[in-house]
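Below is one structure, written out as structure tokens; the observations come after it.
Chain naming follows the written order as A, B, C, D and E, and within any one chain the residues start at number 1.
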Amino acid sequence: MRIGRLPARKTRILAVRYLGACVVTLLFLFPVYWLFMISFKTADEIYHVPPLWIPGQIQFSNYYVLFKDGDVLAILNSLIVAGVSSGIAIVLGTLCAYSLARVGTGGENLAMWIISQRMIPPIAVVFPIFLIYVYFGLVDSYFGLILLYTAFNLPYVIWMMRGYIVDVPLELEESALVDGLNRWEVIWKVVFPMVRPGLMATSVFTFVFAWNDFLFALVLTRTEVITFPVMLTHYFGGQSNFWAKIAAMSVLGTLPIFVAVSVMQRYLVRGISLGAVKG
Amino acid sequence: ADKDAADTAVEAAKKYAGTTISIVWEAGLQSLDPLNYSGPQWEKLTGIKVKVVEVPTDQMFTKIMQDFKSGAGAYDALNVIPSWMPDLARAGALEPLDKYVDKFGYRDELQDIAAAYRDNQMQYDGKIYGFPDDGDVMLLYYRKDIFDDPKMKDEFKAKFGYELAPPKDWKQFDEIGQFITDKMAPKVYGAGFFRTAPYPQYMFQERFRMEGGKFFNADTMKAAVNGEVGLKVFKQMVAENKFMPPGVEQWNFVDNLAAFLQGTTAMTISWPPYGRWAAGYGSGEQALKWVPKSQVAGKVGYALTPLGRPELGVGFDLSVSATSKNKEAAYLFIQWLNSKKTSLERVQLPYTLRDPFRLSHYASEKYRALWPDAAAYLDTIKTSGEKGLLDLSLLQQDKYDEAMTKAISSLWAGEDPKAILDRMAQQFDAITEKVGVENQKAVYKVWAAKPGAYPQ
Amino acid sequence: MTVSVNLNGAEQRRPSRFGRMLEDRLPYLIVAPAILILLLVGLFPLIYSLIVSFQRITMTENDTSFVGFLNYAELFRDARLWASLGHTAIITAIALPLELLIGFLMAQLFIDRMPGRQLFVALLVLPTVISPIVAGATWRLMFDVRFGPIGQILSFFAGEQVRILWTVNPAFVYPAIIICEVWQWSPFMFLLLLAALSNVDQSQLEAAEIDGASYLRVLRAIVLPAIAPVIAVACLIRGLDLVRIFDVIWALTEGGPGSMTETISLYTYVQGFSQFETSYTAAISFLVIALLTLITTLVLKRMELAR
Amino acid sequence: MADVKLSGVHKYYGNVHAVRGVDLTIADGEFAVLVGPSGCGKSTLLRTIAGIEDPDGGTITIGGAVVNDLRPRERNIAMVFQNYALYPYLTVSENIAFGLRARKTPEIEIRKRVGEAAEMLGIGNLLQRYPRQLSGGQRQRVAIGRAIVRKADLFLFDEPLSNLDAQLRDEMRTEIKRLHHEITTTMIYVTHDQVEAMTLADRIVLLREGQIEQQGAPLELFEQPRTGFVAGFLGSPSINLIPATLKTNGRDAAVVFQSGGELTLPSAKARPLASMDRREILVGIRPQHFSRAGGPLREGAVSYSATADLIQPTGTRTFTTIKIGGVDAVAELQAHDVSSHGEQVDLAIDLNRVVLIDPASGLVIA
Amino acid sequence: MADVKLSGVHKYYGNVHAVRGVDLTIADGEFAVLVGPSGCGKSTLLRTIAGIEDPDGGTITIGGAVVNDLRPRERNIAMVFQNYALYPYLTVSENIAFGLRARKTPEIEIRKRVGEAAEMLGIGNLLQRYPRQLSGGQRQRVAIGRAIVRKADLFLFDEPLSNLDAQLRDEMRTEIKRLHHEITTTMIYVTHDQVEAMTLADRIVLLREGQIEQQGAPLELFEQPRTGFVAGFLGSPSINLIPATLKTNGRDAAVVFQSGGELTLPSAKARPLASMDRREILVGIRPQHFSRAGGPLREGAVSYSATADLIQPTGTRTFTTIKIGGVDAVAELQAHDVSSHGEQVDLAIDLNRVVLIDPASGLVIA
């Protein structure tokens, strides 16, 4: 809000705001910094009293161990599972959203049912899903997790994309119809490009959701497709708390998200807010 | 037998060359054994690949049970905590092993396993469901340099009228602890314990029984933990925190270890690996980099815990999953692992948490020479094992354990001990009721009759 | 225009009859895969679970006979269940307003243009996208009484050694959880509110300034009503998230000390996966769903009314 | 190129009866403008012709063939939308080529046609830009370009200028008119702006509540409106409608205002009114038919003295609000005819062009 | 009520120099209209006066006091925004009362003033509604109501009518003019619509690229533009600018078109041109200064024969595009003066009112 900005005070106000901004940002980033630092510390430094704010030297042995022991496969698993599932969810969800938005398929009821799927707490369904997965032998398979995350993300994608699609001027589609495209082509050649920013934002979020999921992965993985959050918990335990590994793995597991978010930054804020405003 | 069990297993297993077996192992340090040592060696010997599935302890039961329920057979061999054995066996998740033991001539070598483990952690309902594979027992570690310091000795004697030495009972423990803390804190505190789950629960079990407590009324199967004895133990445990380093309530295995290795605590009670690491055994190992270097090598003494009947505390069995598709190969692998020959190597791996559990381990000349005090260490373990108290093991033991764990964590949080105990008793009763009072009573009777269950 | 190949009418693509039919049904066809998956993974397990909740399946027993509302009746006697619901409610009731307030203050700080604002915003997103399990682990490190920086910082400001056992001391476990939650999710609120605030019609604010309205009046009469829908939705989203809070607590306190911070998710997990009370867990699930549906409906109703 | 015939076309949106039985024939090459107030069904009718909406009754014929069952892309029409409907992620040249690409026209041909169209519309230098980099008028040109490259049989425009500002609107209007002269394709143009309708149309089709109120050449509608609605809709500023009573006397007739005052009608106007003595009517006088009285009155004109209320100069002409028959009326005078509020002016009213309307039926009587 | 004085006001937005040294005096009670093409800095100037933007140079005086350092709320002004800026969550009456409440006016007084304002604007029956329940014109009235209850010293309007459709715009324009007659507060009104500017203003201030191009009474600017820009900006359709060469011969002067053809200027116009033989100029002829030749030519008029190209009837007048001096020009003729494309028409051009512009400086020479 632009209230009370007088020339004399302008620079002072700006300075105060900068100070505020820096303090807030430091405050919020400090834990992340701490995590980073731990990942570079040796055991002696981690267990040093009082805590050290800067490691004696940057050394990568905590990471090296993860690579050597193949723990990073968990990151690969996460990439596969989160990547494929959000890809599928985006495509199927957007198509569904198109139909809901433009044709009103199923009316408000269908839309409400879909969004209500999103509101069900995972803990309430993880158990039945586990039982069903057991029945169909989907436990501990890529397919199982991908299917699950796809389903988990679909309501979100549909809801978000419905919002974006509604905003695409109908006339663009009509114009394309008159210009000689059929419906299918209209969807691919007009609607998809039009909602690209929305798609970007939505895919970041679906990816992040799938990436960060712990509960489902905890329950539905055994040996083959351990994902990153589950791997992380392997370092907590009764007999051992491998802070070095925890920190290094956390950093590795945060990097892909960080990259995704940075690249998509400009779509992101809009994505978040639109989802909320339209939700 | 002329051929040892390890060789037998290897010979028999060769026909499975090329297959892969998976074995559930506790995540973290424990897994380094099969990952770095036994797994690769087994593959070299037999051509069978070993896949190690690392699972954190508190998820192990869940995962094993899940896998069994799902019938997926993702796991072939298992590490099983002995107190779960009744549940897993009853559910049918474990393969009975007797027929394999006979087929592959393993009975003799089983006799070499220390009695505490062999008699208590191997069978359920008369059948073998797993091979005890870890000589878990609690030891008291203390700083010889402090206990032997003449000045300290004199002052202590003057104050309390007896020699400064490893405590014989908990009163002594408290006095010594308080004394050292008063003298040396914050550089050194009298003692430090691993205060988060699962350890304090075992300590409670031990002390409760040593003070004369009984878990249940054997006639009614009503929980009896909330009597005078329970209250006394709880109050003592809380009081002891006062002379331990601040924040001890939060300590886990590693925190406690780190503190002891750094010389911050003068006494602690824990599993055998502390002794090895404190002595600096294996300190050059890459795999031990996660532990601070020992500052107390050569200064550590080993003793029985106060009152002399230490808790056997957890332990591990090697078992075969009932849903495995490679049962025989899995069996052969665990026989080989557990055999005299292989296990002796394994308990000497500097980085593992597997502790000596065979008579032959205790007697091994090689082991006894690993570091200056190694012989004393092995002797203390052996004695501790012989005198060890068994962990409570009932149907759905997991639930009783959870109740105890939660109770103790509430205790640290400063809740009224009596209230905690009452609640715990209530929970015990509820669990018992759910399991079926009569069923449980029968199981409890069998357990309570074992020599290691209650001190005579 | 000059002579050119005439490409109208006759050469247009005429789809086959089948093509036409497909095209006409297209809107329905493209809904199908998504709905199918949702039914498969969303609805089907729920129904299955509903059935199970009327049976008596436990770790060792597989009694599939109908036992009526036995499991549901059990719910009412389960003090730990209600306690865990209470814990969940406490966390939600404290964390949500805090996140909202902090998010709002941050948004106020960043609402005006200033050079480098994009960078600040980009950095501030980070906590929100980090995996909750990582967040929990990080804060456990932060809170550690000896090796963590929080105690050190507090000591510095207090001028004496401050030792708080964040995950043990009953007075501090909730603050610990809430600090972690607030740290992770205030930026989310911040982003939402920043966008909402930037959408507030600038000229309305200018008009109010000319009209001479005070900051509070502007806030009350213009800003808050304008962003109310966003706040409502944000609260709904975060509220639902908070109700299902699991990872952070799993990593931070594991529900302790005792069961003091055991939330409904944690409790359900324990029932389902460490105690294998299959049928009972199903009953709990339905209780949770029923409660959430009730709350969500009420909230949505209110939003509708407010509109 | 093609003629268009609608017969008995109906369209419902749920309960809304948007088009209520329209019969309309537009000749090949004709420029027809659908005009009418907002919501009267203009867009709906146009979209029905395009095939974007299916009619709920009646037939639509384009170039002799019934097209009811054809899809939009099969009708070979081109359409320009109100908000341009440009694809924002395509460049201008890709936008223009879009329809051709959809029809798999060879690239060479596409390039040629796009070049020609761009040339024609003066946007040759913008081809590589994106729509967001264009001004409103340029966007509108691109939209038109997209339509003309198609060489469609029929062009449809739905309020193509309503998003432009006044000056640009004037310009683009001229260009569209010129375009029609050049390519002489049949065009149907929707607007609710009467100036656009008047200036562009070969024929105006004035719609009201889903029905055709009147159709014909622009000046025909302007000068011989069949209803008060038509008279009121066309012309700017709007026609002044003043309630009055007829007073006839044999061949003579006069209108008597309710506030007193009386205007005698010229005989041509009076003739059909003979039997209507004492009838209540509305007298319609266009602002342009007032003038400052000075010198002899023209045949059929009467003089009227009034007080200038508001004076709004627009340059060469000044709109002056006066009271007549007790109501406010606007007179369009020359720039310096009046200069100050409250000034007394003598006006001449051209009664030959006055319109008399029956207030009950809305029909024009004379 | 107050007069407003700006002297040397500058305003930058980053690198954009939006207002470039404006000196302006507006008398107490005057109705000043800031007009100019989009982006010329009108809104910026207005917002600077309001105090929403801080000037980067110069002083602003309202009612004799320098207000540079005062906040908007301290300047006692009222402002009406383009998009109305009504508070959507308050009722109409709360909206109108908002400023009064903020100033802690007693409730009784508020009720009275709101009632009066609503009465004056004819929105008395809407007081309990919310803005979203109002039509565009009603909203605009509420926005004005909000301004007038405040009894501010100065009213500012930023394109208050541009979101309305043509008819409503006409209506509201009339009302604002009337309002000014009634309350006679100083008003500054921004628009880019020249019709609005002409009809509303006591004084027009024409801005161009952040500077004042010309200011004065509406007809003064229209009839005596100082620059070609002013001539072109005012008037609709726009003035026709035709390149030509001056040919002088003692007291006589004529313009010679590049395509041939020559018009002899009347002596009044010719006088100042004596020394400018062979100079390149632009001849500006307003469309209204063409007429169909018939009967004797008026003093200062010449006849010119042309071919009607585009014909755009608007009712009583018809815009006809003709070629003159090789370029297209628009002539505003009577309705039936021309009827078909290609028709040959004889026109009279009123050369008394022609404007001659120096193409290099853009200044009007005569």
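Throughout what follows, contacts are C-beta pairs under 8 Å (C-beta built on N, C-alpha and C of every residue); 3 or more make two chains touch, one makes a residue touch a chain.
A quick map from chain label to UniProt name: A, C = Multiple sugar transport system permease protein; D, E = Multiple sugar transport system ATP-binding protein.
Here the structure is a predicted model, which means the values were calculated and not measured.
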Chain hops separating subunit D from subunit A, counting only touching neighbours: 1
Centroid-based (C-alpha) most distant chain relative to subunit D: B
Identity of the chain that, by mean CA position, is farthest from subunit E: B
Whole-Å gap between the CA centroids of subunit A and subunit B: 41
Whole-Å gap separating subunit A and subunit E, where each centre is the average of the chain's CA atoms: 54
Between subunit E and subunit B, distance of the C-alpha-averaged centres to the nearest whole Å: 93
Of all residues in subunit D, the ones touching two or more other chains: 73, 103, 150
Subunit C residues counted as touching two or more neighbouring chains: 12-13, 146, 206, 209, 273
Sites on subunit B at which at least two other chains make contact: 58, 66, 69, 197, 255
Subunit A - residues contacting subunit C, complex: 1-3, 14, 17-18, 20-21, 24-25, 28-32, 34-35, 38, 46-51, 53, 92-93, 95-96, 98-100, 102-103, 105-106, 110, 114, 116-117, 119-132, 147-148, 150-152, 154-155, 158, 180, 182-184, 187, 208, 211-212, 214-215, 219, 228-229, 232-233, 236, 243, 246-247, 250, 253-254, 257-258, 261-262, 265, 268-270, 272-273, 276-277, 279
Subunit E contact footprint on subunit C (complex, rising order): 201, 203-204, 206-214, 217, 221-222, 225-226
Contacting residues of subunit A [partner subunit B, same complex]: 42-44, 47, 61, 69, 130, 133-134, 137, 139-140, 218-219, 222-224, 233-245
Footprint of subunit C on subunit E - complex, ascending: 47, 50-52, 71-73, 77-79, 81-83, 85-90, 98-99, 101-103, 146, 150
Subunit B residues within the subunit C interface of the complex: 58, 61-62, 65-66, 69, 87, 90-91, 197, 245-247, 249-250, 255, 396, 398-399, 402, 406-407, 409-410, 412-415, 420
